[in-house]
Structures are given as C-alpha cells and as structure tokens.
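After this come two complexes, each holding chain A, first together with chain B and then together with chain C.
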Partner chain A sequence: MHTPEHKTDGPSTMHDVDNPAAMFVVYLVVLGLAVANILLSTTPLGKSAIYIQLGIASVQAVLVAYYWMHMRRGDTAVTLSAFCSLFFIGIFYLLVFSDIWTRWRMAM
Partner chain B sequence: MSANHHGVLKHHFDNLEQQHAAERLGMWFFLVTEVLFFGGVFVAYTVYRYWYPNEFAFASSHLLLWVAGINTGLLITSSLTMTLAIRAAQLGDRRALIRHLLATFALGAGFMGFKAFEYYTDIHERFVPGEMFRQELAKAELELHAGHGGDHHGTAQHWAVDLAKNNADKSHTDPAYIGPGRVQLFLCFYYTMTGIHGIHILVGLGCILWLVQQAATGKIPPENYSTVEVVSLYWHLVDMIWLFLMPLLYLAGAGAHAAGH
Partner chain C sequence: MSIIVHDEPRVGPVPPEPTPPAKNYLNVAHTAASWLFTVDHKRIGILYLVSLTFFFTVGGLAAGLVRLNLLAPDGAIMTEDAYNRSFTAHGVVMLFLFLIPSIPAVFGNFFVPMMIGAKDLAFPKLNLASWYVYMVGSGFLVWSVLAGGVDTGWTLYPPYSSRYSTSNVTPGVFGVFITGFSSIMTGLNIMVTVHKMRCPGMTWGRLPLFIWSMYATSFIQLLGTPVVAITLVLLMVERVAGIGIFDPTIGGDPVLYQHLFWFYSHPAVYIMIVPGMGVISEVITCFARKNIFGYKAVAWSSVGIAVVGFMVWAHHMFVAGIAYYSAILFSFLTMLVAVPSAIKVFNWVATLYRGSITFQAPMLFVLAFLVLFTVGGVTGLFLATLGTDIHLHDTYFVVAHFHFVMVGGMVLAYLAALHYWWPKMTGRMYSDFWSRASATIIFVGFFLTFVPQFVLGYHGMPRRYPNYPPEFQVYNVLSTAGASVLGFGYLLPGFYLTLSLFFGEKASANPWSATGLEWVSSSPPPVFNFDRNPVVVCGPYEYAIGVDQLGRGLPEPPGPGSADDPASHDGPTGPAGPMQKETHVVG
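Right after this comes the complex of A and B.
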C-alpha cells in the first residue's frame, strides 16, 4: 500500500533524470570509438586487429550499459543479472575452447 | 498527484519505486536470456573463425563495409534519442517524448532500409550460400579458364572472380587456398546473425510505435516513465549487440587485407 512517509514514492526525482549534455558526450565518445574501429581495420594490425576491435566494442558496450541503460544507479539485482550473463558466456567459451585446443579436428 | 497515481500503481506493489524496480529487473532478466542466446552464436562464430581465418577474412572483405558503418551511426544515434525520450517522459514533456520516440523509430527504420539494400546487393551478386554460390563460382572459373576472368559482371572486385583467381594455381592443401565451403560457412553466420539481429530491430520498432500511441493518448504520465525505460533497455541491448557484430562480420577481412594476407 502507499506509505506517505516513503520519500521516493512518486514520479522520478530530478537526480534520476539524465543530464542531456552528459548523454551527448557519451554519444560522441561511442560514435568516435565506432569510427576508430573502422579506421583501425585499414591499418596493418594483422591477427591482433580482432582483439583490439573487440576491445573497443567492449568499451562501447560498457558506456552504453553504464550510462544509457542506467547501471550507474547501482541496483544490486540488475548488476548481478548483467554479470551473471557475462559469467555464463565465459563458461561457454571456456568449455568449447578447452575442447578445441586439446583435440584433433577433421578438415572441412 | 492522485492517490492511485493516475491508476499507474498496480495493486500488488507497495509503491511506484518498487513497481519501477520490478519492471526494470524483469526486463533485465529477459535481456540476460538474450545475451545467452547471442552468446551461443558468438561462440560458434569464434570457433569457425579460429579454424578458417583466411576464408572468413576473404568473405568479410566482400561485404559492404560502408553500409555497416552508416548503420552503426544510425543505431548509436537512435540509442541517444531513446535516452532523451526517457528524460522527456520523466519530465512530463509529452511532445518531446513523442518527438524523440519518432526520431528513434526513423533511425531504426533507416537501419532496416540499409540492411534491405545490403541483402539485395548480396543476393544480386549471388553471394548466398548454396546453389547460387556454387553456380556463380563455377561460371567465374569457366570464364577465367577462357581468359575473361576480370570482366565478370563488369567489376574486377566480384567475389567469385577473386575466389577463382586466388584458387586457380593452388591445390587444396596449399595454405593460401580459400575453401569455397568455408566461405559459405561464413555467409551462413553472416545471414543468421544479421537476420536475427534484424528481427530484434523489427520487434523494437513495433514496441516504439506502441509507446508513441500510448504517449499520444496520455497513458505515459511522469509516474509511468519506466514503460519507456523498459523498452529503451531492450533497444540499447540490440544496439550493443550490433557493436560486436560489426567488427566480427565486416572488419575481419579489412584488417587481414591491410596486413597483406
């Protein structure tokens, strides 16, 4: 039931409202990183290119999650959910590649 | 504010804060399943790319990078407008809310338009796994043997000509030989991953249109801003997945070619 003494019971307070200037700065950084990623592909990085490109994509994803998906609010359950998904993807990769790196494979 | 918060507060919640937190958490649980779903596809892609780097680089270098670049810009911009829509909803600015939602819809629709153009171009060039691929490659090999290799479809950059030329003087055991079957495997990943992502964009566009309808009929008061936020969480995740698809699918070949592979 509604409890009048609950100070956050109501529409969002101003501290929850995004600052448009900050959001625009995040936008420019994420966009700039995307351009950097494409430009990197024209440089002779060879096999290390994919790791750098995925590293840049990860930074972009963190910015999107932290600012635009509001993970910065520090909701414990939300943070736990997000890290659980990363943990399970880590298990996917670990199990699959531990098999691939240690067994002979057939040529396609 | 009215006692029942314009009917926004559901009877099983104590207050709006609790309701908003539950709505956000429910969407995050759904997003976790989405991450796991795409995670499985990413793992499979990584395995085959690890096994067949030359074929994946070759196929990737024949995709339309400029289209992927424009689409990346469109999606990132749409995430910004979606965030601004949440702000407008929180502040009770209905006109700005509808404006930002429509901008997000237009940017997402633009993404799908460019994607449709890309698929059309790929199909026109018969860069599709299966019979189309085999027939086109066989035709290019015949033309190469007959001495008209560089004139296929009027462009020297056509994938079939490049593949036929690359393999012309190589045996299957040559490390530089590019296996047509493995190139088609990359294309299977390309169509599956971008196709699934495209379906997610279409679902997001439908949700945004629904939000516009809700906002236009006054059903998104400031107390109910989390309705917009929940849809925005989904939209941002779809944007985030594209940020990984782009380098994996479109930049794999560009880096290899720059390195002289």
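Right after this comes the complex of A and C.
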C-alpha cells in the first residue's frame, strides 16, 4: 500500500500519482527498444545476437516493472513478491535447461 | 499459540438467531442492471455461479457426445472429425470455463470476505471486471465452437494448431487468452483481500483453511497465468504471421511450446484442486464435529502444493523427446508433490477419527472426494514413474486418472461447497433426501464411468481415438453406461436446488452449526455482510469446545444426533455439546 513514508523518486504525497508524461516517455522508450530488438535480428551479429537481444528485453522488463508496475513506490511485501516471481522464472529456466543442455547426450 | 482445554465444558452461550434484515443482498434491488453493474462480491459470485453452471452443462453435453460415439468400435454417431471437435470442446469448456474459475470465482468471491470478516473484496470494481472479461473470453470460445469447433485437443499442441489445423483455432485461443486475465484479476483480488482486510483478531493462525487454500491458489494464478498467456500469443504469432517459434519446419521447437504450456497448465491443475481441498477442510470438520487435525500442516501443505506444483510440469513430456536426465529429475520432483497432498488426506482422515459424523449431502460429497481423490492421486504416481509412464502415456489410463482427480476430486468438492453454503447464499434449505440420493448416484456413476477406462488404458487404448478394436467394446459400453448414471446424478441438483428457491424451508443463520464467521450473519447475508464488525477471539474449528470464531456457543447441529436424540448427549464426542477431552485451541 502506498503511504508517504515509502521511498519514491521525489517528494511524495498521500495522493501521489505518476506523471502521465513520464509514463508516456517510458512507453516510447520500451517501444523503441522493441523496434531495436527486431532490427537487430536482421543484422549479422551471429551468436552474440541472442545475448544482446535478451539484454534489451531485460531493460524493457525493468522499465515496465519500475515505472508501470510502480515498483519504485512498492513497499517491502510488494518488492518481495516481485522478486518471488523472478525466483519462479529462475526455476523455469533451470528446469528447461536441464532438458535442453542434456538432450544431446542421449535420446529417449 | 496453543491452549490446553481440560475436561470441564467451556461453552459460550448460544446467541439468539439474528433478526433477518429487511434488505439482504438478494432483495436489495431487483432490476437486471442491479445485477449486471453490481460490485457486491456476493452478487458477482452468483453471476459466476449461473455462468459456470451453463458452461458445465455445455461441457457435459460434449462429453456425452464423446461417450455415445464410443459405444461402437467404428464410432456410433459422428464422423472422426466431429469426434475430434467434440472432445476438444469438452476439454476446453470444462477446463477453461468451468474448472479453473469454479471455486475461486463462485465461492471465493462469495465467502472469502465473509470468512475473514470483511465487507467486500479489496477491489470490488476489478471483481466485476473479472466477470465481464470471463464472459468476453467465453464468447470467443463459444464462437469458435459454434462456427465449427476446434480439433486440436485442449492442449493446442503445435505445429498442428499453429500451422495445419483448418478449424477455428484463432478465436478459441483468443478466448482462452482473455479468460486468463479474469483468473489473474480474481487471484489478485483475493490475495490483497486476505492480506489487507482481515477483521480484528483474524490472525493468520485463525484463518479458515478455505482461506489458506484460496491464498495458495491466488499465488499460482498470479504467477502461472501470464506464462500461458504469452505462450498463446506466440502460438498466434506463428499461426497468423508464419514466424517460426514452435514449428520445426520454419525453425521452431515444438517441445518449447510444451515446456511453456505445461509450466502453467500443470500448476493449473492445482488452481482447480487446491480450492476444493479448502472446501473439504471446512465441511469435514463441521460434519464430523471435530477440530481439524493438524491445522498448520493442512494450511502449509496448500502453500507447499502451490510451490512444488511449479516444478513438476515435464512429467507430461516424458515421451515428447525431452532429455533422459531431465525426465529422471522431473519424475523425482513429481513424487515430491505427493507429500503435501498426502498430508492433507491423512489429516482429513485423522479428523474423521472418533468424530460424530453425520451424513448430510455436503459430507457425502466430501467422503466421495476422499475416496476418489485418493485413487486419482495414487494412479498419478504410476504416471510420475518414468518407466510405467512410457507404457501408459496418452492412453485412457491418463484420462481416468485425470478425471478421478478433476471430477472425483474437484467437481465433488464444488458440489460439496454448493450444498454446504447454499443455505447461506440463498436463505433456503434443499431436499435432504434428494441431495443425498444425488451424491450417491454421482459416486456410483463416476466409478462406473472411469474404472473401465483404467483397464482400457492399461491394455493400450489411446486417448482421443474415435475407433478401437472390438475387444475394447465391453469396457467402453460400461463407461458410457456409467456416464449416463453420472449425468443423471448431475441433473438432480439442478432440479432440487432450483425448487428449493421457491419451496425450500427458510434457512437459519447457522443451519449446520458451523464455526466460521460466514455463519454469524443472517441467511441470506445483508449487503455489507455483518451488522457490526466482527472481532475474532479463537480459531476456526473449535467444535471440541463448541464455540464459533466470536467465542459464542453453537446452535444444535443437524442430523440424527440433534434435538431429541439422547445418544448424542451421552458420548464424549456427542455433537450437541463440547467434547469431554483435551483439545488444542488454534491461535
């Protein structure tokens, strides 16, 4: 729950709301990064492309979480919940990679 | 905190029957608009109840078509293509439009605020929005069915669904995508409500186990549903734009779809069953007149199922080409999820031990649940074991196992909840005889339907096939006969519950002599649930000392042990009074 004592970027009030202009700028940045990611797929970056593209996607995700999901004003429980979701994403990647990384050793 | 209560009875005075308010949530307004634009959690629960009953009927009819067609080895009533569309309609409608929203949307909406002493859910408008989103998504699914159906099976595996099927995959997938948002909204609403809106004294250790189960379910809904949503978007991208994501002929990986799909869809099984487990805890304590055995174990096992349930998905993929080492890992992890499930079953059975059990319809449904869910769970271990799954995968054994858990478990828990809370929701009692008859018929019909399918599956009959060798016909006929008994059993509540609205005896505030906060207010409840804000002073299941959560005595319980039956007053566990023995008070 948002209360004045929570950390914010600037001075906060009981009825603190996001600045629509700032939200729109963030939206444009996320869109721009999406376009950049698509354009990157047409360039001959080779194996490094995946890392660059995932990096861009991560920046997009952080922007969305920080601004649009109000993480910058989230209290401890909200922040903990958000990181909890990262934990489950981690489980997903780990267990999927347990398949993909060992698939070459032996087919069922 | 644990308090030891010794021999002498500590029964608070039985409160007088609350005067029914002139206006309750049902009669406060009568226009269609008052229902369609309501933000009252109870009315929204009723909207969901009506919608879900409709879709349950549609899904049931599709199942009836499937079973009828399987009466003959070459298909009795429809073409093979129509058969594909029928079983897909059955699966999609039952899973996405009934099982997933069922208990959270109907009973979660209606009873979570009442059971924690709140006036409403945290976000009433979001709650109404979730119903509209659900109806819009359902509209797309109904459109896809009416326009010819989908023939991919409810799992929508690519590349068939994304590249080759000529059926109405696009609106069907879009419908599933939209209903997912409804699920997220409901989960979010319930989670915030449980965190922020508990009444004074309602500590986490005093929460009813139904609330714990709803909380764990919300956790899965919030974390899992976005994954399947984005997976379905990727499926549509491949189908509409031809971008290779899952189809290997254009650079995709079909196994990736299965990873993404089952990462949600296996936990979705727990979205379906965990709320049902919460219902079981409520009903079994009430009709056994016993404190729950192992409150903390049952509560945390719900959370345990929610967490471990996210780590087992690839047991659906043992024969899909995943790595051998990964399969061993998932086989082991799948065994783990049996632990919290078994904790629940053992604790329920221990709760029954030496209880003063009465056999009203809710309890009959719960006892049927215990039997059927246990069979479903144990046969799940056959499928979790890597070696046996190779033999049983994609056979009718899987169909039978899944239905034992989902129908024998979840649907019976849903019916238990409906019968348990019906007097509170409507203010009317239903026919005791017919409700017991219905529970019995459903139990028998269920066994007749699905036990033959275990045999069929073990002998190699694949699921989703419209044809089979003649030697399998006897089992298929048995199964179809059972389905007709089951269908009759399902029809009965439709009649006697509807009739009860017009001719049923008026229900008292607490007709089952239960301890939960929802029974404090009148039946049906007033608009804001309680005449005054409740203050909780003890745990949720103090049947042993015979008090509700406000510390007041309980009215005479129903059944053969009530009123003029002296036997009930004599024994140490007689339902009319406190149990004359040591007990632990939770909280």
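As a working rule, the second predicted complex is superposed on the first by the 80 of 108 C-alpha atoms of A that agree within 3 Å, B and C clash if a C-alpha of one lies under 4 Å from a C-alpha of the other, contacts with A are read in each partner's own complex, and residues count from 1 in each chain.
Here is the rule we use: a residue touches a chain if its C-beta (ideal position, glycine included) is under 8 Å from a C-beta of that chain, and two chains touch if they have at least 3 such contacts.
The structure presented is a predicted model; accordingly, all values stated were derived computationally and were not measured.
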Touching partner for A:A77 - first (chain B), second (chain C), both, neither: both
Chain B versus chain C as contact partner of A:A22, first or second or both or neither: neither
Contacts of A:I50 with chain B and chain C, given as first, second, both or neither: first
First (chain B), second (chain C), both or neither touched by A:T42: first
Contacts of A:S98 with chain B and chain C, given as first, second, both or neither: second
Touched partner set for A:F88, first chain B, second chain C, both or neither: both
Which partner reaches more residues of chain A (counting touched residues only), chain B or chain C: B
Chain A positions touched by chain B in one structure and by chain C in the second: 1, 77, 84-85, 88, 92, 96, 100, 105, 108
Chain A to chain B touching residues, read off their complex: 1-3, 6, 8-12, 16-18, 20, 23-24, 26-27, 30-31, 34, 37-38, 40-47, 49-50, 53-54, 56-57, 60-61, 64-65, 67-70, 75, 77-78, 81-82, 84-86, 88-89, 92-93, 96-97, 100, 105, 108
Contact footprint of chain A on chain B as seen in their complex: 1, 3, 5, 9, 14-17, 20-21, 24-25, 28-29, 31-32, 35-36, 39-40, 42-43, 46-47, 50-53, 65, 69, 72-73, 76-77, 79-80, 82-84, 86-87, 90-92, 179, 181-182, 185, 221-223, 225, 229, 232-233, 236-237, 239-240, 243-244, 246-248, 251-252, 254-256, 258-261
Interface residues, chain A side, partner chain C - complex: 1, 77, 84-85, 88, 91-92, 95-96, 98-103, 105-108
Residue ranges of chain C touching chain A (in the complex, touch as defined): 195-196, 223, 227, 255, 259, 263, 310-311, 313-314, 318-319, 321-327, 329-330
